[in-house]
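Read the structure below first, then the notes.
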Amino acid sequence: MNMRLYLLSKFSQAVVTIFIVLIINFFLFRVMPGDPVRVLIRSPRISAETLARLRERFGLDESLLTQFWVYLRDLFTLDLGSSFNYRQPVLDVILERVPATLLLVGTATLLSIVLGISLGVLLAWKRGTRIDVGGLALSLILYAMPTFWVGIIMLMVFAVYWNIFPLWGMGVPGAIYQTFWAELLSRLHHLFLPVLTFTLILVGEYALIMRSSLLEVLHEDYMLTARAKGVSATELLRRHALPNALLPMVTLIAINLGFIIGGAIQIETVFSWPGLGRLMFSALTDRDYPVLQGLFLFITICVILANLGADIIYRYIDPRVKA
Amino acid sequence: MPSSVYSKDNLRLLKKNLRSFWDIYRQNTMGLIGLCILCFFTLLAFLGPRLVDVTTYVVDGVTQTMHPPVSGYWLGTDNLGRDILAGVVIGTQVSLLVGVAAATISMTIGTVIGIVAGFYGKLADKLLMRFTDVFLVIPWLPLVLAMAALLGPSLGNIIFVIGITSWAGTARIIRSQTLSVKERPYVERARAIGSSGTHIMLRHILPNVFPLIYANTILVAAIAILSETTLSFLGMGDPTRISWGMMLHYAYEMGAVISRAWWWLLPPGICVVLVVLGFTFIGFALDEVLNPKLRRRDR
Amino acid sequence: MDINNRGDEQLELLKVSNLEVHFAARQGFLSSLLNKQPKQVRAVDGLDFSIRKGEILCLAGESGSGKTTTGKAILRLVEPTGGEVCFKGEDVIAFNRQRLRRFRQEAQIIFQDPYESLNPRQTVFSTVAEPLEVNRICKNNEQIEERVIEALTDAGLSNPQELFLRYPHELSGGQRQRLAIAGALVVKPDFIMADEPVSMLDLSIRAGILKLMVDLRDQKGISYLFITHDLSLAWLVSDRIAIMYLGKIVELGSADTVIRQPLHPYTRALVSVIPVLKRVMPSDKKLLQGETPDPVNIPTGCRFHPRCPEAQSRCREEEPLYREVMPGHYGACHFI
Amino acid sequence: MSLLEVENLTTYYKLKEGYVRACENVNLKLEKGEALGLVGESASGKTTAALSLVKLLPDNAEVRAGKISIEGRDISRAMEDELRRIRWKEIAIIFQGAMNALNPVRRVGDQIVEALRIHEKMPEKEACLRTAELFEQVEIDPDRVREYPHEFSGGMRQRVMIAMAVACNPKIVIGDEPTTALDVMVQAQVLQLLEKLRRELQMGMILITHDLSVVGETCDRVAVMYAGRIVETGPTEKVFENPAHPYTRALIAAFPNIEGKRYLAQSIPGNPPNLLNPPAGCRFHERCSQIIGPCSEKDPTAVEVSTGHMASCHLLGRL
C-alpha cells in the first residue's frame, strides 16, 4: 500500500471513530435515566410550565433525529453550548484551561518517557540481577498506586510537614512579579509537586513496557548476528536493540494518552491546578453538563488525533511497513 | 475389556493438569507473593469482621476524633471518632467485590467480542474492531466519570460502569490470539474431520485462548479496584457503602492533609496498593506460566 | 523392504480434471473502493491427474508451486474455483454438507508439522477420539475406546492406553507424527493426503514413519496423495510422481522414469540437484538461475520460460499443452 | 599447525532441573581452505559446539573445559575484548538466516559496513565501496545495498549474510544450517556460491547441518555428532563409504540414494537421550542393534579406523 493511500485510510478511520464518539456523546447525555431537562437544570422544584418552556428552548420536544441534527450543526460551528456555572460559551471555558493542562501533562509525559525508557533499558540490560528485581518491584508498586493518593501523600510530606512546596495552584493568587525570573521561579515552584507525582505514576508503566519490549528484542536472532560481528556492548544496545525496541513504544505512548488524561483529572484536583482536569471535576460536582459534554468531546478528539499522529509517525520510522 | 475413559479418567486428568500447573507456578516467586497477598485479603474480607470489632466504626460521640493510633484504636480515629482499622476491614469486601465482579463483566464482553470477531472475520470483524477501537481511544476516566455521574452513585452502577468500559484491551488481545489459533493446522484438521464451527470454537479455539483470558482478567481486576478507588475519591462512590476509596474521599474532604492525619490517609491507600499488586503479580505470573515462549530448537 | 509399484488395479479412486484455485490477492478496503482490479493469485491453474486404489501419487515442487493448495482443494478445505474432482465416481464439488461430512471420513489429511497439527491442550485420547465423536460413529464409549486403541496400535504406538492422558508436548517428534496418523486412521479412510509428513523429522525417525505409511497402503489399501519438496523422498515412496511449477503440472509419470529419464527441463534441473552422498563438482549441476516467481505475476506462454535454459521465442508466446508423451508419461513442453 | 584446533570442548546449559550436557569432549581440527561438515540431528549439540568457539552462547551456558586454538594461538581463555576482535575478523558465522538473522530496521548495506568499520577501521566511503564489491561477489545487484532485509527473498537474504560473513576476509567461516528452509534450487545455488568463495578466499569452513547430503557434496571432512558427542570423524568419502559407527551406518542407510535400489531402511528405534540425565557408557547404546558388554558401562574411546578416520565405538576395539 502506498503512503498516500495509507494516510487516507488512517485518516478516514479517525473520522469514523470521531463520528462514533459524537454519537456516544450525544446519547450518553440524553438516553441516560432521568429527564434530560431535569438533569440539565438540576433543580427539583420546577414548575411544569417552565419545564415545557425549557424543553422547547433546548429543542427537546423535537424528535431525537432532529435533535441530533441540530447537535451536529452546532458542533460544526464550534458551538458547544454555554456553561451554567460560568455563563460563558463552553468552548471559551475549555480553551482558557488548555495551557495549564498542556504545561503539566507535557512536562510530566516527557519526563516520564525519558526516565521510564532509561529505567526500562537498564532493567532489561541487567536482567536477572538485583538491580532488575528491585527496579521491577519499584515499577510495579508505582503502577499499583492510585494517582490521587500519591498526590495526597506528596502534599502532606512536602507541603504540610516540610512546608517547602506550595499546597495548591499555579502561582500565588494576585501576586505581581517584579521580574520575569521571579515569576518563572514561582511557577516552577508550583509546578514541581504535581509534575513529580505525575511522573512517578507514569514512569513505572513505561519502564515495564520498555523492559519487556527490549527483552524480546534481545532474544532475536539478529542480536546474535550483531554480537558475532564483534559489535561492542554499548553499540549493540544503541544501534541494534534500541531502534527495534522503541518502535512499539510509539503506539503504546499514544494509546496511553487516555490514561494520562485520567491521571491529569486526579492530579489537578488534588493540587488545585487550574486546568482541564480540575474543570472536569468541578463540572461534575456542580453538575455543569454542557461543560462536561464539551470537555468529553474535546479530550476524546485530541486523543484520537494523537493516535492518528502516532500511526503516521510509525509509518515513517518503521521501514518494514513502507513499501 | 478396558473400562471407559470418560467417567473415571477425567478426574485423573484434572488432577494431572492441576499438579503440572502448580509445579510450574510455585517456581514463580512473584506469583507466590501475589497469591499470599490475595489470600490474606480474601480471608480478611470473610473473617475480618469476626476478628476485629467492626462495631467501632460508628459515630458514638464518645471516642476522641482525629486521634493518632492508640491501644484499642490501632490505626487511630477519623474526624467523627470512627475506628479506622474497622473501616479498612469493612472496605476490603467492597474492593474485592468490585474487582471480581467488574473483571467478570469485562472479561465476558471482551472474550465474546474478541472470539467472534477473530473467528468469523470479514464484516463482523471490521465492525466489532472499529467499535473496540473507539472504546480503546476514548479517555477512560472522563467516560466513566460522566457515566457514573449520570447513572447515580451506587455500588452496582460502579461495577457496571467499570465493567463495560474496560473490555476493549481484552477484546483486542483475544481477537489476535483467536486469529493466530485459527490458522493452526489443528484447526484445519478439525475441519477436515467434519467438525462444525461451534465445535471448533469450543474445543480448539477457546482452550487455547483461555490462558490469556485468565491472565488478562486478573490484570483487569487490579485496574477495576484502582478505578473504584478513584471514582469514590472523586465523589462518585456509593455513600451507603464504606470502601477504601470512600475513606480516602472523606479524609481528603475533611482536611486530613492539613491536619497531618497520616493514620487516616495511609492505611486505606496501602491496602489498595497491596491488593492491586497482588492481582498484578498473579496476572504477570500466569502470563509467564501459561504462555511459555517456544524454547529454542537446537541447543 | 522392497517397494513394488502398485496401483495396477485399474480402479480409479480419485480423478481430478482441470482443477483451478484462484484467489483474489489481499487488498485494502480503500483500493477496492478506488475500483482497482483485484489481482488474481493463480495458485492452482488447471490440473489433471488421477489416483488409483492403493496407489501413492507424489506431488512434488518448490514452495509456491501450489502443491499444498491442490491437496486442500481436493478435500475441499479450500474451495476450488474451477474444474472437477471425482471420488469413487462421485463429484466432490457437488457434495452437500452431509455428503461432505461423510467424504471427510473417507478422505483424511496428515500435516507437515507434528508440533503444530496437534492441539496442545488435547490429550492423546481425545485427539484420536474426536473424529469419532464429531461424526457420531460409535454407539458407546467402549466402542470409541476400542477404535482409539486400534488406531494407535495401527500407527505403531505400543501400549496405547498408557498414552491416553498425555499431551502432545509430552511425546517425542516421531510419536507425535504417529499420533497424527492415528487420528486419521481412526475413521478408516480410503485416501490420505499427506502434506510433507516427514519434513520436520530427523532422518533417523523419518524412515519409520514412511515405512508405516507404505505398510498401511499394503495392508489396508489406503491411497495417498503425498506432497513433498524432496524429490528423492518422492522417488522412494511413490508409484508415480507429478512435478508442479507455478500451479501447473509440468511432468507426470512413474517414479522411476521421472527421476531417471526426466523429460521436462524443469524436472531435469530438479533431478540434477537431488542430493547424493558423493562429492559433486558444482559444475555438474544444472542450476537454474533466480527463484520461482510470485504466482500473482505468472509469465506469459510457458510459465517456466524465463528460467528455462532451453527457452526459445515460441515458449514466450505459446503455452505448451499438457499431453501424454509416452504411455503413462505426461509432460508440458514444446520440445519433448 | 592447524588453522583451528579444538580439544575436549565441553559446554553445559544450566536449568532449574540440573545441567544439560549439550556438548562434551568435542575434538575438531580444521586446516586452511578445508571444509568440515558437522552433522547431527536436532539437539545433538552441533550449534552449541560451534557457538562455544567464540563464546556466543545464551546466558545460562557454561563452557566447562576445552582448548581452542587458531593457528596455534590459544583463544579459549580470551576476554570479551579480545573475543570481540576475533569474532568476524577470524571466525565469521552464517546463521540459518531465513528472516531473523538480519536486523529488520537497518539497511543491509549498513549492516555490512558496520562489520568493516569495526574490524578494518575503514572510513565510511571506502566501506561502502567494498560493500558494493561484496554484493557483486555474491551475485546481487550492488544497487540494492540501500534496501531493507524484508525487501529481499529468502535466498537473496542468505546471500547478503554470506557477503557479510566474508566481508573481513575471515580465516574461518561457520555456516549454521545455511541452506535449511530454502527451496531446493536456491539451496543448491547458495551451496555453490559458498563453495566458490571458499576456494577463492582460501577460508576454512565448518558447515553445521542435519542434512548428510549437504556435507557429502561440499565438505572434505565430516564429524558426526550424537547426543553431545562426536561419534565419528574422517574424510567424507571414507566415512560415507565405510561408516564405522553403528549410528553413522544407520543414518547413511536411511538416506535415499536415487542411484541405487528403492529401499526403505529400518529406522533407528527409540529417541535420542535426554541430555539432562544421559545414559552411562556409550550414549547410543540404548538404540544400538549391536551392543556388547561394556557399551552400557564405559565411555568408548576414539579408535583410528584408517588414516584420519576415527570412530568411538566399543565394537571397534574388539576387531
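Note that the chains are named A, B, C and D in the order they appear, and that numbering of residues resets to 1 at the start of each chain.
What we mean here is this: contacts are C-beta pairs under 8 Å (C-beta built on N, C-alpha and C of every residue); 3 or more make two chains touch, one makes a residue touch a chain.
Because the structure is predicted, anything quoted here is derived from the model rather than measured.
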A student comparing A-D to A-B should find more C-beta pairs in contact for A-B
By C-alpha centres, the chain nearest the middle of everything shown is B
Cα centre of chain B to Cα centre of chain D, whole Å, reads 50
Dist(centroid_CA(chain A), centroid_CA(chain B)) in Å evaluates to 23
Chain B and chain C have mean C-alpha positions lying a whole-number Å distance apart equal to 49
Listed in rising order, chain B residues that touch 2 or more other chains are none
The positions of chain C in contact with two or more other chains are 29
For chain D, residue numbers touching 2 or more other chains are 42
Counting only contacts in the complex, chain B reaches chain C at residues 1-2, 4-6, 9, 12-13, 16, 126, 184-186, 188-196, 199, 203-204, 207-208
Residue positions on chain D within touch of chain A in the complex are 54, 56, 59, 84-89, 92-93, 95, 97, 100-107, 114-115, 118-119, 148, 150, 161, 164
Seen from chain B, its contact residues with chain A in the complex are 130-131, 133-134, 136-143, 145-147, 149-152, 222, 226, 229-230, 233-236, 245, 248, 252, 257-258, 260, 262, 265-266, 269, 272-273, 276-277, 280-281
In the complex, the residues of chain A that touch chain B are 13, 16-17, 20-21, 24, 28-29, 32-34, 39, 140-141, 143-149, 152-153, 155-156, 160-161, 255, 257-259, 261-262, 265-266, 269-270, 280-281, 284-285, 287, 292-293, 295-296, 299-300, 303-304, 307
So, in the complex, the side of chain D touching chain C is made of residues 41-42, 153, 155, 183-189, 191-192, 195-196, 210-214, 216-218, 236-237, 240, 250-252, 254-259, 261-268, 271
